[in-house]
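The structures considered in this document are given below.
Each of the next two complexes has chain A plus one more chain, namely chain B in the first and chain C in the second.
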Partner chain A sequence: MEALLTDYTLRTVALGAAVLGATAGALGTFAVLRGQSLVGDAVSHAALPGVVLAFLVTGGTHPLALVVGAALAGWAGMAAVGAVTRHSRIPFDAALAMALAVFFGIGLMLLVGVQRRPEGAQSGLATFLFGQAAAMLTRDVAVMAGVGALALAALAAFWKELVLLAFDPGAAAALGLPVRRLDLLLTTLVVVAVAIGLQTVGVVLMSALLVAPAAAARQWTDRVGAMTLLAAAVGAGSGVAGTVWSALVPRLPTGPAVVLVATAVVGVSLLVAPGRGLLAGALRARRARATLGGMGTLQDLFTLAEAHPENPHHAHPEAVLRTMTLRPDGVAPDLAALAARGLAERAGDGWRLTADGLRRAREMARVGT
Partner chain B sequence: MSPSAEIQLVAVVTAAACALPGAFLVLRRVAMLSDAISHAILPGIVVAFFWTRDLSSPWLVLAASATGVLTVALIEALRRTGRVKEDAAVGLVFPALFALGVVLVSRAAGDVHLDVDAVLLGELAFAPFDRVTWGGADLGPTALWTMGGILLAELALLAAFYKELQASTFDPALAAALGLAPAALHYGLMGVVSVAAVGAFDAVGSILVVALMVAPPATAWLLTDRLPRMLALSVAVGAASALAGYAFARWLDTTLAGAMAVAAGLAFALAWAFAPERGLAAVARRRAGQRRTFAATLLAVHLLQHEGHADADRECRASHLTEHVGWEAAFARRAVEAAVGAGWVRADGDRLYLTDAGRATAAAAVVA
Partner chain C sequence: MPPPALEIHDLTVAYRDTPVLWDVDLVVPEGVLMAVVGPNGAGKTTLIKAVLGLVDVAAGQTRVHGKPYAEARRRVAYVPQRGSVDWDFPASVLDVVGMGLYGTLGWFRRPGAAERAAAMDALREVGMDAYADRQIAQLSGGQQQRVFLARALVQGADVFLMDEPFQGVDATTERAIIALLQRLRAGGKTLVVVHHDLQTVPEFFDHVLLLNVRRIAAGPVAEVFTDDNLRRTYGGRVPFAAAREATPVDAAPGEVASVAADGAA
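Coming up: the complex of A and B.
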């Protein structure tokens, strides 16, 4: 922790990871809501030829050039996906997978060409695939922050339209919104987020930064504004936590550390989030069983009581109740639950309704009819 | 066999072994699972490699396949919670497993040498150097035996479960109603995909496996509507892409894996443009034909309306169509050309007469 305040490199990397996490988290929210979580993965693979070409043209000296190259190639890949899905029977997922792999193949061929040249020998594929967070400079962070802020500003400017597009594209089209162009904007924003993150966390892990914060945030809220902010916070937090973790543990690369932290946040959110969380759901189910459990058997007891109007508290054997239901094995636990709540009681060999139970059963019968 | 012939043979067999399960991935609309599986098997490979210290050990294939099935099971479990959509579930699971694999590789970097580039890119060119020998006799490259075995196993499984695969792919509800256990079949298929991915990453690397699994079946799907033909075409297109990629790589002196992926992409682009029925060119031609037929029919109907009436001589003229009926000049010209070409209309200078065939067409069109 102290290192975070004193170590210059660590501070730069943590800041960069936070900026990246916040941008990717906010922009990824819309990709996740639209069911396009895998677009980031495809875009980040498809960016390879652009990165290599940018390196060829500029000598790899300026970070902005690599960002622009990556964005252009990723964007071209998504344009190809759009053209194929619109003008053929090939579904979105197959088009996405093809664009990913074929663009990556083109990039590889270019990369081999670069590596044959003397000045390109050190530009390994591993850097592109896994990123090089530790090599981040203040200048890189500035580029990330600048480009990321532009993307977020675009998101804010078209907020209303994009929200409508995410939840009801049909209504958006009916209202006369330019759906195709908004779609393109959203894709472009995802492409931008990927492009600024590639150098830091690499291909596969970049796509995780788009999905994981949004998936975690989704569990805590049903409001898209809150979800976007929360996703940005989760992304930024995962960025900082992952950086610090990788600084504390020797030979733990930053990119994967960030992704593992973000994934852990998703896991925790899935479990403990109020409302949508799995634990909350299980608790709700248990409470429902506690209040509703035994109601069927209560009704059966009431049916029997009605058959004896002269003495509604006449006891009946459990075996009779077992013949009256589709779940005979549920009768015993039901009776125990009813007894615990004072609605039924054991009398000799059988069971009967208490006064409370009779009142409750009559109320239910009234509601039912 | 010469080394270059051996490399090509391995490439062809690998492409075929990827295309067969890939066809079902494409048809079931889970093509991106090929990407997810091929990345997520990394930790499985790494752990098995730590154990055996041998990149060509069969345990690697086994461990990686198990990881692939585990990946699919995790995705399915996450989806079943109902808290995460399927695509997000995929996007969560495989990067996490991949990150785990990268961490394992980095943590152990000092102790063992595992070339990550080799895992992710493969190197088919080295295939002839790793050979199977038995009792002193040279039996050919190991990769050929591995991929050939995988391909044969796939063919056997396909023959055994063809009906089940077909039903569960095209009508999952029917398959379930018939008691064909679509879930078991799904995991079985994913197991095969994992095995093929592991076998192939040696040759083409884990990323370009995706190209070989998705592009040839997608190409075949543009060429036919029948499953048996699509499977055969997938294999053929995959094999052709492998050979073309090899030629490509030799010519440009570049990576074989990248060249094969690009060749597969080119094959798809060709089919997309020129497929007999579904290609862009065929669709454009059909649309143009429909436009011509529509224009000609409209003209025939117009002529039929006025034929035999007092105004026929004024109405049934080519110039009249643009001046008074209000057709665009291009449309009117196309209508006259097409109608005359079809033998529905006879032109005498500017004056147009319906033929018997044209009268029949117009009458049918009006009634319909």
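Coming up: the complex of A and C.
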């Protein structure tokens, strides 16, 4: 932690990662809300040939050139997906998978070819696969910050239109919004977020930085604005933590480090978030069971009592009740709850309804019919 | 004489090689409450989407108050099927109703106090103002439907195109919705409503379009909603108590296509 304040390189790295995480988190929110979480994966893989070609064309690794190359190739990949889905019967997800594989395959071929050359072997292009934070320079961070800020500004400028597009594209079109162009804008913004993250996080795991912060943020809020801000914060946090971690541990690639941090945040959010979290859900279910107080088992006791009209308080073994329900393990706690409320009582080896329980069950049966 | 509220001429829509709508003509006079009925796959939803320009049209024109939809857009409000969106979307009831104003608000402008007030008024009209701050996933189906109606109301349109607004709502909501639709008609609005419950057509609506890929018949309910027309629409299998004072149903299903040849145009 101390190093974060004093070490210049580390500070640069952390700043870049924060910018990257915030951009990817905010834009990823829209990809996730539109059910297009896999778009980021396709774009990042499709961007690889663009990175290598940019290196070949410019003969260097200037970050802006590589980002532009990555963005153009990623964008071409999405254009291919669009063309395939429009002009054939191939569904969207299959087209995505195809674009991902074809572009990534071309990228790998180019990459291997370049690395055989002496100037290519030292280019550090291989770090684009899994990401390498240590490779980040001040000028990289400057490019990331500039491009990321532009993307976020565009998101803010077209905010309400993009929200409507994500929620109800049919209504957006009926209201006269240029849905096709807005869709293109959103795709472009996702491409930009991916392009600035490639060197740090890597082609293979970049999409996690788009999806995970949004998935975590959704757990904590029911407002799209808050969700976007929170996803940006989670993305920035995961980016910083992951890149610092990988910068401190030799040979630890940044992509996996960032993704592990972000996934941990998702895991915690899934568990403990109020409202949507698993723990909150389990608590609610338990409370509901307690209030319902074993009404299902009360009904079953009533059914048995009806079978003995001459003596409705005849006792029946617990085993019989267990055969009457889909949830046999719930019978014992149900009976305990019913006994506590004075609706059922133990009699010999079995259980029977009390007078109160019989009245209550009759009421419920009446309401039910 | 002013042009009709909605005019459809020779409309044909096809998905791949299958026609979904075939040479449909329709005139909806101003101030009517029209049901669109027909069997599954009859093209009811497609008809509405074609008017709104949401599907590619193979042939034909549609006009709203005598103008193409793009020019008359602000006079039209659309209520899509409730199931067409993800109700787990992170938005409040008020957010969703406010979206109805995004078409007129203009670029770069955020909804402000005036828009919020308009959205609240619309919510009040559908009896949902108490739910303004609820997350939309917490609503029942009928409440979600009313939120969509409020989103249409807030637009201040005078032609409403609604896709199954009664789908999956309880009896109370159904009464509330039909009361609202009839109030709108009384206020001079025109409403075209895709509807699936033949039983309630004469009670709820004053005009009806019977559709099965082709237009079978259209006009005032009293004139058009006859056993004969229903049989032609549904191919002899009229899906409710045999159109009440049922005469024996004798038209073979195969006959429908031939009788349907666009007589009324």
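In the analysis below, the second predicted complex is superposed on the first by the 280 of 369 C-alpha atoms of A that agree within 3 Å, B and C clash if a C-alpha of one lies under 4 Å from a C-alpha of the other, contacts with A are read in each partner's own complex, and residues count from 1 in each chain.
We adopt the following convention: a residue touches a chain if its C-beta (ideal position, glycine included) is under 8 Å from a C-beta of that chain, and two chains touch if they have at least 3 such contacts.
This one's a predicted model, so the numbers in the text were calculated from it and none came from an experiment.
Can A:142 be said to touch chain B (first), chain C (second), both, or neither?
A:142 contacts neither chain B nor chain C.
Return first, second, both or neither, reflecting whether A:227 touches chain B, chain C, both chains, or no partner chain.
Second partner only.
Identify the partner contact of A:134: answer first if only chain B is touched, second if only chain C is, both if each is, neither if none is.
The answer is neither, since A:134 touches no partner chain.
Is A:173 touching anything from chain B or chain C once the two structures are fitted on A? First, second, both or neither.
second
Let me test your reading of the model: by the given contact rule, A:93 touches which partner, first (chain B), second (chain C), both or neither?
A:93 sits against chain B, while chain C stays out of touch.
Applying the touch criterion given at the start, work out whether A:164 contacts chain B, chain C, both or neither, answering first, second, both or neither.
Second partner only, chain C.
Report, in rising order, the residues of chain A that make contact with chain B in one complex and with chain C in the other.
Common to the two interfaces on chain A: residues 35, 218.
Would you pull the chain A residues touching chain B in the complex into a rising list?
Residues 32, 35-38, 40-41, 45, 84, 87-91, 93-98, 100-102, 104-109, 111-113, 124-126, 129-130, 204-205, 207-208, 210-212, 214-215, 218-219, 251-253, 255-257, 259-260, 263, 266, 270, 276, 278.
Within their complex, state which residues of chain B touch chain A.
Chain B residues touching chain A: 26, 29-32, 34-35, 39, 81, 83-85, 87-88, 90-92, 94-96, 98-100, 102-103, 106-107, 109-110, 116-117, 120-121, 207-208, 210-211, 213-215, 217-218, 221-222, 252, 254-255, 257-262, 264-265, 268, 272, 278, 280, 283.
Touching residues of chain A toward chain C in the complex: what are they?
Those residues of chain A that touch chain C are 33, 35, 157-161, 163-164, 166-168, 170-177, 218, 221-224, 226-227.
Write out the stretch or stretches of chain C touching chain A in their complex.
Touching chain A: residues 49, 52-54, 70, 73, 76, 78, 80, 84-86, 89-92, 95-96, 99-100, 102-103, 105, 107-108, 110-111, 135, 137, 151 of chain C.
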